[in-house]
Amino acid sequence: MFRILAVRTKHNDELIVDAPVERLAPLLAERGTRVWVDLGHPVGETDMEIVRDVFKFHALAIEDCFEERTHPKIEEYDGYLYIITHGLTAGATADSSEIVELDAFLGENFLVTHHSAPSRSVATVLGFVERTGLPLRHSVTAVLHAILDRQADGLEAALDNIESRIDALEDAVFASPRNTHVASVLSVKRNILGLRRWTARQREVLLRLGRREFELIPAGDALLFRDVHDHLVRVNDLLEGFRDMLTSIQEAYLSAVSNRTNEIMKFLTLFTSTMMPLTVITGIYGMNFEHMPELKWWFGYPSVLIAMAVMATSILVYFRHRHWLGRPPKVDDIGQDVVNDQPDAGAR
Amino acid sequence: MFRILAVRTKHNDELIVDAPVERLAPLLAERGTRVWVDLGHPVGETDMEIVRDVFKFHALAIEDCFEERTHPKIEEYDGYLYIITHGLTAGATADSSEIVELDAFLGENFLVTHHSAPSRSVATVLGFVERTGLPLRHSVTAVLHAILDRQADGLEAALDNIESRIDALEDAVFASPRNTHVASVLSVKRNILGLRRWTARQREVLLRLGRREFELIPAGDALLFRDVHDHLVRVNDLLEGFRDMLTSIQEAYLSAVSNRTNEIMKFLTLFTSTMMPLTVITGIYGMNFEHMPELKWWFGYPSVLIAMAVMATSILVYFRHRHWLGRPPKVDDIGQDVVNDQPDAGAR
Amino acid sequence: MFRILAVRTKHNDELIVDAPVERLAPLLAERGTRVWVDLGHPVGETDMEIVRDVFKFHALAIEDCFEERTHPKIEEYDGYLYIITHGLTAGATADSSEIVELDAFLGENFLVTHHSAPSRSVATVLGFVERTGLPLRHSVTAVLHAILDRQADGLEAALDNIESRIDALEDAVFASPRNTHVASVLSVKRNILGLRRWTARQREVLLRLGRREFELIPAGDALLFRDVHDHLVRVNDLLEGFRDMLTSIQEAYLSAVSNRTNEIMKFLTLFTSTMMPLTVITGIYGMNFEHMPELKWWFGYPSVLIAMAVMATSILVYFRHRHWLGRPPKVDDIGQDVVNDQPDAGAR
Amino acid sequence: MFRILAVRTKHNDELIVDAPVERLAPLLAERGTRVWVDLGHPVGETDMEIVRDVFKFHALAIEDCFEERTHPKIEEYDGYLYIITHGLTAGATADSSEIVELDAFLGENFLVTHHSAPSRSVATVLGFVERTGLPLRHSVTAVLHAILDRQADGLEAALDNIESRIDALEDAVFASPRNTHVASVLSVKRNILGLRRWTARQREVLLRLGRREFELIPAGDALLFRDVHDHLVRVNDLLEGFRDMLTSIQEAYLSAVSNRTNEIMKFLTLFTSTMMPLTVITGIYGMNFEHMPELKWWFGYPSVLIAMAVMATSILVYFRHRHWLGRPPKVDDIGQDVVNDQPDAGAR
Amino acid sequence: MFRILAVRTKHNDELIVDAPVERLAPLLAERGTRVWVDLGHPVGETDMEIVRDVFKFHALAIEDCFEERTHPKIEEYDGYLYIITHGLTAGATADSSEIVELDAFLGENFLVTHHSAPSRSVATVLGFVERTGLPLRHSVTAVLHAILDRQADGLEAALDNIESRIDALEDAVFASPRNTHVASVLSVKRNILGLRRWTARQREVLLRLGRREFELIPAGDALLFRDVHDHLVRVNDLLEGFRDMLTSIQEAYLSAVSNRTNEIMKFLTLFTSTMMPLTVITGIYGMNFEHMPELKWWFGYPSVLIAMAVMATSILVYFRHRHWLGRPPKVDDIGQDVVNDQPDAGAR
């Protein structure tokens, strides 16, 4: 599947969309005419003929183009550059992002792009060229720039996704902390790491395109590539900010768990402190000494029961006074304040 | 709503404030006269006429201008630049900061600004121009710089807000640590992340304005934009400092919770260690052996009671000697020293 | 063991592979002929003769070349450069990576390389030259660049290894956290540190080669070395990303352990809270007071037993209502949700 | 209060110290004479006359000069620069550092400085000029540089303070960890943040002075300002190092608390494990079964007591064998080894 | 103590080692002769005469030279530079590193160095000059560069020390975690901080020497100083890597302690869960109800004993099934797996 677009600057800036393959060679031969050929999936016989017979690209470059390559590169051939870059697929989420390879041949008056999967950035630029002729009217390098710029912009959506995911995670950790949240944090972090690796590779290509290393790229256009490069540098910086935010959420989770342990300990201590003295008292009057006058008193038993009740109550009152008395914490309460009876705090 | 300001350098630097719309075209046609048109909210029919009929801006740029765009950009048109930047609203706090879009058309002798919400930076510069004619007397680029500079300065207030919020959080965590503090820390961190994203975008525009990329911007003024850019870089650095401070507070919270758990454990251990031996003793004399001579002694019962009291006291004395004896910690005591009986420490 | 390759540009770009040692001197003397001599392990007498008698290298450089040196360096001699760099062996894993020294003498029309262990990068480039003559056809500096480029690319495999190791560790920590995982994290981190030290040293050489410091290196080739240098800088950045990911895993382990402690505490508290009141009740009716009417009732004993059963059940029901009731956690359950009875959560 | 110093290069480098105010105008008019006027606190009528009538500075600059400004700036006026910078007061400690404003007017042959509080850097440079004439003999820019350089050097003392404070905190956390240590850590961190903010602002001024932006500053002197700028960049780097050290101390505190909790748990477990079996035994022989032959044996009671003693001892021996037996930890023991009976470790 | 070395380029590159002090002045006067004077400890009268009378250095510089200065600096005098730098002493370990001051006077054809303690770098370069004449044969700046280069290389040994110390600490924390390990971590970190401060200061001098700021330093040699500077920048980067590694070890320690607490809790819970039901049972049959038929049965007592044994066993079996049954952890077991009965895991 191929699409051929051309702008004939010597013919009143005429824009030709979807020219038949036979017109390709004449258009390329015209002075002042710029041609963009986009080869999409599936690659048919005509596509092969275009790159092999019309453009006469190097066999090695053609092989690289139609096979999958994970590492970006720029190779200079006689009269054209062969460039491999990678964009993000449209379905990039906070947890995973897939990468789609984009191959480009850049000549003085032509650009041939190839992508084995649908590419959002190419589609957007294609639509734009169809409607306005821009940026093909300007130069073929400008078309390449537009595509790479859209690729970098595609990251913004991923950033938004990650941001809203972080917000959701943050809220969830405070509402009811679970181990799966930590797993989510690590999953997003792993995705961020992948995005950083992607930007690192993409920058490699953009740096070279923006450095006036190649004569095919005019100085003014080099500056544009540099802008995209700088954009990616800043995006990288933001990804680190997200990473830090996720670390904070991970630590908030730990704090929440520690907090809960603390609550449980408090409850255990409260319970034990109330019960143990009662056990000692019953133990005392369970001893078998012959001379224990209290045992003979008729009011001994009720007195002890009352004494035990008073003792237990005193302890609870004491703990309440010390702001310890609480219900055994409901698991879902973690998000609330550590101290439940805050209103009493001022009443001491 | 529009305001037109002009300085006529060829006419003795005459400053014209709030010129009627009819005078706009003649002023623009004058050599050596600089015009600043500010279009505020609401956008009336006259405003549209100004940009469409007087300045004849490109339809696409006008559309971009009056709709909301979250991404900054600079586009070069014939004879003017179209610039989207974003400033912070006046109500930026430590927890949230909102962004107001500012669109600008920069020509050789004119500047058209548009903002759909009231913009503090524009208002300040407007007031300054009204009073002194500066910086419009200097150049229209200087006016744009002044506005962008004020936008960057607006961040300083947010920084101060964040700083005082950090101080308050720090004190609160030590006075009485609560889970809401961790939530606050994350909220401020999220805001900081937003501010960093904002500075990243803003720097994108400033870098290009400061790079002598555009002929419309004189070299001297480019340097000024560069200064604003550098300022934002340093602000970014400070935001990271704040982020680190917040992480420390988060960890201090964790320390405080661990500390409290420790105190509770100590209390539980103390209580258990005191009570358990008593239980064993009462258990011993509660056994039903026939040959237990102590049971027959008339002083057996009081002896055991005294022995139990002595034993409990000894244990408490022992713990006190080991600096363990403390009250069950009041929840509000976390901020105090871990060891309560410090004065005794030297007396051992 | 040595291999001699040459390209005779004045003789129709003739490629000579594995020339005998006698042809070496004539080839070097020819104008426009480029020679690459690779000295592998073991170093025989002929190898020594080549560097000593044919190329007449400085004795100090020869000594450095055939002994092991851990620090990279570049030394300029009369008419040639002596360079020590280091590559990674093929067996680099996530936990350990070994380094193989590569010595190179770079002259105007010759390159002599030496490595005491098999070098993947040299082997790859050798194969490439044998098949296509490239990059020797271009220049000897290009051959050196190709080797150093392959060395840097060798890191990519290590990065992939580390990445998949991190994925495995992450899964393992959530499935069943163990102390050995922390040890693994530290081991990978240590390896990453080693790789960073290696890139730091490698960059030292590449920076100097890419800086136009040496006249032997043409400006265009210097740019290539610069690219390799930039690649290593970005790799370094990624290594830091991995490091951070490992720190997250370490913290996730800590969270998992805390979580488990929390579960155990909950179980202990539940158990203690259920049993202690029963103990107090049995203690009460074990007291020896004479006037305890309940003891005489024939239904006293069963009533108490029933009361105890009711009490224990009530406590358990209460805890269940509070979402506390759980089984003592199986050690392997950590990866699951903190709250086991989640389905009931909505039924409250 | 004012001081006037001058060097007359055309008059044999004559140094004039504390010239009367009447001589100021003639000195300024002399070719080749450099004048430094320092205006200290309090600002009298004569001081005002100097800036207003002798130097004829702009009214806005004078207003800025004598009021407090927290933001540094450089403004270019006709024939002179107006500069606001800030230095640290002499009393900067690890916990707090105050800032003193320094205003400077820099002309071709004059420098006017003003500070509302005593300024160490100005005082040092003043003393130096009085004694040697340097750096005023060189140029007025050199005097400004000397002052700004001393300001930056003033940070070194603060760094030393912070360093020794960190050492003390580190030792204290290991000797006897307390919550106040965490508060101290945060306090020093906050101060470091303040210092970083200060360096960020100071660098803003120094960058511009060192950039050849102003014609008044010779290229050679610009380089000097650049050095001060670079110095501050490195100081900033060190401040981050300190920050990291403090984070480590905070974590060491958490470790110490966890350790202590661990010790307390161990003690509780030891105690409970020893006592509980005894309770069960006494419970058994406290049961009221009619057919319990042991109860009738005359040696039953002592046997049980002995059995209980043996049982308790066995458990303690077992724990000792497992390296658990320890005293309840003294609070001050945290700094020691986790395992107390280390000498025995080898004897197993 | 002084040593005088000279190379007479006009006299056939003659190398003079340990020339007597009387020959110094004539050698300095010779064209094309380069002289290096090294003044070591102790400083005798002759040494003073050399700097004062032969070289006629400025009194201030001489004073600075023979006193201790902690801050590096470069001062330009008439015809020579005075430089203070600092090297590491040979005894630098992972925990501490001491610094030795090196003063240098660099002229067009002479270098005077002074160090109050033995300096490894000076000694190495001295030895090299004695044997080969290099780098003095090249230029005096080259000698200075060689010394500063050796100073930077001295850091490599410290790095190796730190690296092996980190390895040891890592192993120790996993074998048997103790509080002293955290103290060691902080001690190494403190040393790293010191080294970073040292590199920061050293870079200050090297940056200026490498910047073509001084005419005395030829452009080619400036590049060499730049290399040393870049080396220190990379070393700084590595020091941060070490710092991070140490943080990881600190966190591993915390994990180990938490793990141990977890184990202890498990043991306590196991013990309590087994014993408490027994206590309740004995309590039940210790009650004094008249109508408790079981008490009359002759097989009541043995039945209860058997029931108790069965109950305890069942609980232990249940826990074992849940992978909880373990021995009370030996303190030295921390390094092993969290789960002891791993082999059984598959048998469930």
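Letters A, B, C, D and E mark the chains in the order given here, with residues in each chain numbered from 1 onward.
Throughout what follows, a residue touches a chain if its C-beta (ideal position, glycine included) is under 8 Å from a C-beta of that chain, and two chains touch if they have at least 3 such contacts.
From a predicted model like this one, the values you see are computed outputs, not experimental measurements.
Asker: Roughly how far apart in rotation are subunit D and subunit E when fitted on CA atoms, stated in degrees to the nearest 5?
Answerer: Value: 70 degrees, nearest 5.
Asker: Roughly how far is subunit C from subunit E, going centre to centre by Cα mean, in whole Å?
Answerer: So the centroids are 23 Å from each other.
Asker: Between subunit B and subunit E, what distance separates the C-alpha centroids? Give it in angstrom.
Answerer: Those two chain centres are 37 Å apart.
Asker: Return the residues of subunit E touching two or more other chains; collapse runs of consecutive numbers into ranges.
Answerer: 247, 251, 254, 258, 261, 265, 268, 272, 276, 279, 283, 286-288, 292
Asker: Reading around the ring from subunit A and passing subunit B first, what chain order results?
Answerer: A, B, D, E, C
Asker: Which part of subunit A faces subunit C closely enough to touch in the complex?
Answerer: 71, 176-180, 182-183, 185-186, 189-190, 193, 196-197, 200-201, 203-204, 207-208, 213, 236, 243, 246-247, 250-251, 253-254, 257-258, 260-261, 264-265, 267-268, 271-272, 275-276, 278-279, 281-283, 285-288, 292, 294-301, 304-305, 327-332
Asker: Report the residues of subunit B in contact with subunit D in the complex, numbered from low to high.
Answerer: Where subunit B meets subunit D, its residues are 153, 156, 163, 166-167, 170, 174, 223, 227, 230-231, 234-235, 237-238, 241-242, 244-245, 247-249, 251-252, 254-256, 258-259, 261-262, 265-266, 268-269, 272-273, 276-277, 279-280, 283-284, 286-292, 319, 322-324, 334-339, 345.
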